[in-house]
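Once you scroll down, you'll see the structures, which are given as structure tokens.
What follows is subunit A paired twice: with subunit B in the first complex and subunit C in the second.
Up next is the complex of A and B:
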């Protein structure tokens, strides 16, 4: 056993000396290889963690949201609608929601105005999201004015700023009292934006939605499972888009690596010929090249993966922010909770390490079984 | 090969490149394993904030993440009008960059049933 280890060590020594002779080329290969692993691992870690976080957070969303449609567009719930819903069996709790959008021309950002159902906010005051407070430079006690769609100016004082940790769900929120909301948007009492429903038996949610659709043909019930599915499909789509873009880089790398791994240079062929001439066996030459492939690919995987982990979970995925941000002015600052799927990491390891290690072996075997004299010529 | 193994090596143990590489790869492997430990640590540290956000979602009855705030149908993806995005054409992406990354609803892209081969009378 000791002799076997010593032999492998000598082979590694020889391999490293051989790699050092073509320093620039091999270092370039390692760098590109590491970058590819970094990119793939970053996308994988980011989307998996975001998908997990979205699913966890939106588990708390209303079980059914009922919208009213007029001429194919979302419209306000009229008075009396909410009362009629109470007759549907299985509906445990129903509540009209008041929320809407406001475009702030000062910073050219969209805010979500909302009336919290379970919290009383004093008239003339606001509770704002941390992202909005940052964009407008607000602090508790400051006064901010918004011009309503009717053209009137409404001054509000900031009572509280929502925690920075919750920006992923609250960066653009403006919470206000029901009276202020109705006055600001000129919405008459009894009207609501939509209705949130909770259902006693979770297995009955679909049946309740079917009943709602039958009894209120102008309604559009949105189930929590649909909300979760929406985000699941978006993150799958986004991951796919990024990977599709990255596939060009991966393809370029594959061609480069294949050329490097499978096409032996004249110098490498001569080296193999000399080794065979001085007594190396075919198996030893193959082992030497195996170590070359294994060391390069293993180093690239380890460095690339660790860098991706740090990028996503320690540096808030700084490189992905421009992609996610789009044209949005308000973008939440958030730190993802690390959720690592061992199977995904194993898959990444398999598809990044093994192909390269395998690609190095075939041409070496071909060169190693030929006559040393003809290889050296 | 045996000649190589048995030959006296002029390199001392400390200068052998294999030792250097083994140490580097062992350290890199240790850091790789440490990322899993770090993930557990960060998760326990961010548990409180995650719980707070979950509580906020329940209290305020929120339905969407605040990821894309540039338009109403990207801010509340799950609540948007069915025809707000992609309103010009099912495959025509609207002008916000987010639209290039959000897929059109399936019912807009569904193809019609192919009935031409089943008709008895040609058109």
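Up next is the complex of A and C:
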């Protein structure tokens, strides 16, 4: 075993010095390789962080939301509906929610108006999200007027601006009191936008939803796990599309690696010839070339991955946001929580090192079978 | 659901591997037909050189299969959130009829590939390469298997469809979807436990017996194969329960997760190495009488048998340690 390790050590030693002797050629390969790793790793880190963020956000969402449908469109929950829900076994808590959208022609953006369930907000005041405050230039104490859909102007004063760290969800949020909300949108007492139900036992959620669907044929229950699944598959799909497009780049890279590995210079050929003349076997040359590939791959993978990490989590992935994030007028500014996943690293490895290794196999062999006499003559 | 990074990676890997093997098949046929170690012709020289390429290539393909096997299981586990009722990898693999067959095919390919590599190793140690023909005939036999494994994987991934809400009409998938259970069939506890330890003892014993007496090589292979099956059954029926400390969670994959401190690797690594080594002992035994291999085969087999014996002991020890350390009590009194 010791002899084997020592042999590999000497091989690595030799390979490193041989790589150092041809800096320019190897540097070009390393650069392209690193770029490929960087590109793919950025996409993967970014989507994974987004997935993580979505799952994290939805942890606080109600397990089931019940919406009423009229002619296939979402409608208000009429009075008495909440009471008719009665006591469904497994439901811990139920509440009618009030929320809606408002288009502000000043900044050409949609706001989400909402009555908070727990917090009490004084009549005539608002709590606004940081993105909105930025867009309209609001500060605490300012007065802002909205024209309701009935045509009346409603002045509000800003009581508070929501903290920046919740901006991913609260950029366009406007919180107001129940009375203000009903007056502004002209919604009669007893009506609600939808109903939120919290269910403690995750195994019960589907039963509760089935019961709701039977009891209220005019409604649709939306489960948190379904929302989560949908987000997951959207992000996965986007990542997959980008990677599928990038596979062209990978193909180009594989061809490049093939060319680099097979285009041995006369000097390299002579080197291999000399090695074989002094007793190296074909297998040893293949091993040396294997270590060469492994070292280059490792360096490119590490540098590329670290660069991608910095790009995504330090520089907010400036290069890819338009494709992967989606867009909106009031786009939230947010910092992603750094998450690294072993599974992602393994997948990335398959996308980069695997094609490289596959592309260099045959050229390595071609180099290794070189006849000493034919190159030294 | 092809547009998933891990699925693309797996399909890419199986495509490249199948492509490499198919590409090398004509060379293999050429070697089978024209190999003649006593000839000094240019053709023979070329063939000898090609054997280097083919064995490097196969080593690469089989190493890839190993990593792909791991990725396949991980991916199945990751995707469990996309399907109603799937709690972990078992549920995802059950989504369509091709999940488990694909996994099994991959495991079989892995073990056969390992045996091939052992034969290859023995052959290259001998001065006259006595097994070249047999090696490449075996390689051609392996090719359809790899094709089947790749095809099963394609079918499995193509058949996956996530239960996702569409924006206009949220519908309740959960209502009519049949539950995908994470429960595997459980055997009666005490007989399973006895069979588990007895088979492990046989497998380890056969390994050490071969080390001492150089006899019973086929038994090492046979018992290793048997021990692999029984060990998987044991993990399913009770070892996993002790790890999860839950009397009904029979999943063989969740043990690999961080929630359980990656304990599964301590089980699966010895299990797979032990089985591969044990099978290798049997795989080279038919060639022990070939003149140039009379000393090489026993030496290699001895090392492998020792490795198998140690791995089976280690596996038994790890499993026992997990059972003893668990707070779950399945056998009272």
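In the analysis below, the second predicted complex is superposed on the first by the 280 of 377 C-alpha atoms of A that agree within 3 Å, B and C clash if a C-alpha of one lies under 4 Å from a C-alpha of the other, contacts with A are read in each partner's own complex, and residues count from 1 in each chain.
One rule holds in what follows: a residue touches a chain if its C-beta (ideal position, glycine included) is under 8 Å from a C-beta of that chain, and two chains touch if they have at least 3 such contacts.
Because the structure is a prediction, the values reported are computed rather than measured.
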item	value
Touching partner for A:72 - first (subunit B), second (subunit C), both, neither	both
First, second, both or neither for A:222, with subunit B first and subunit C second	both
Partner chain in contact with A:167 - subunit B first, subunit C second, else both or neither	first
Partner chain in contact with A:16 - subunit B first, subunit C second, else both or neither	first
First (subunit B), second (subunit C), both or neither touched by A:97	first
First (subunit B), second (subunit C), both or neither touched by A:27	neither
More subunit A residues in contact [subunit B versus subunit C]	B
First, second, both or neither for A:340, with subunit B first and subunit C second	first
Contacts of A:282 with subunit B and subunit C, given as first, second, both or neither	second
Overlap of subunit C and subunit B interfaces on subunit A (superposed complexes)	67, 72, 220, 222, 226-227, 230, 233, 237, 241
In the complex with subunit B, residue positions of subunit A that touch it	3, 6-7, 9-10, 12-14, 16-17, 20, 53-54, 56-62, 65, 67, 72-74, 95, 97, 101, 109-110, 112, 114, 116-119, 129, 131, 162-163, 165-173, 175, 194, 196, 220, 222, 226-227, 230-231, 233-234, 237-238, 241, 278-281, 284, 295, 298-299, 302-303, 305-306, 309, 313, 323-324, 326-332, 335, 337-340
Of all residues in subunit B, those that touch subunit A in their complex	1, 3-5, 9, 11, 16-18, 21-22, 24-25, 28-29, 31-32, 35-36, 38-39, 42-43, 46-47, 49-50, 52-72, 74-79, 81-83, 96-98, 100-103
Touching residues on subunit C, where the partner in the complex is subunit A	1-10, 12-13, 16, 20, 49, 52-53, 56-57, 60, 64, 67-68, 70-71, 74-75, 78, 81-82, 84, 124, 162-165, 169-175
Complex contacts: residues of subunit A adjacent to subunit C	44, 67, 72, 205-206, 209-210, 213, 220-223, 225-230, 232-233, 236-237, 239-241, 243-244, 247, 282-283, 286, 343-344, 346-347, 349-351, 354-355, 357-358, 361-362, 364-365, 368-369
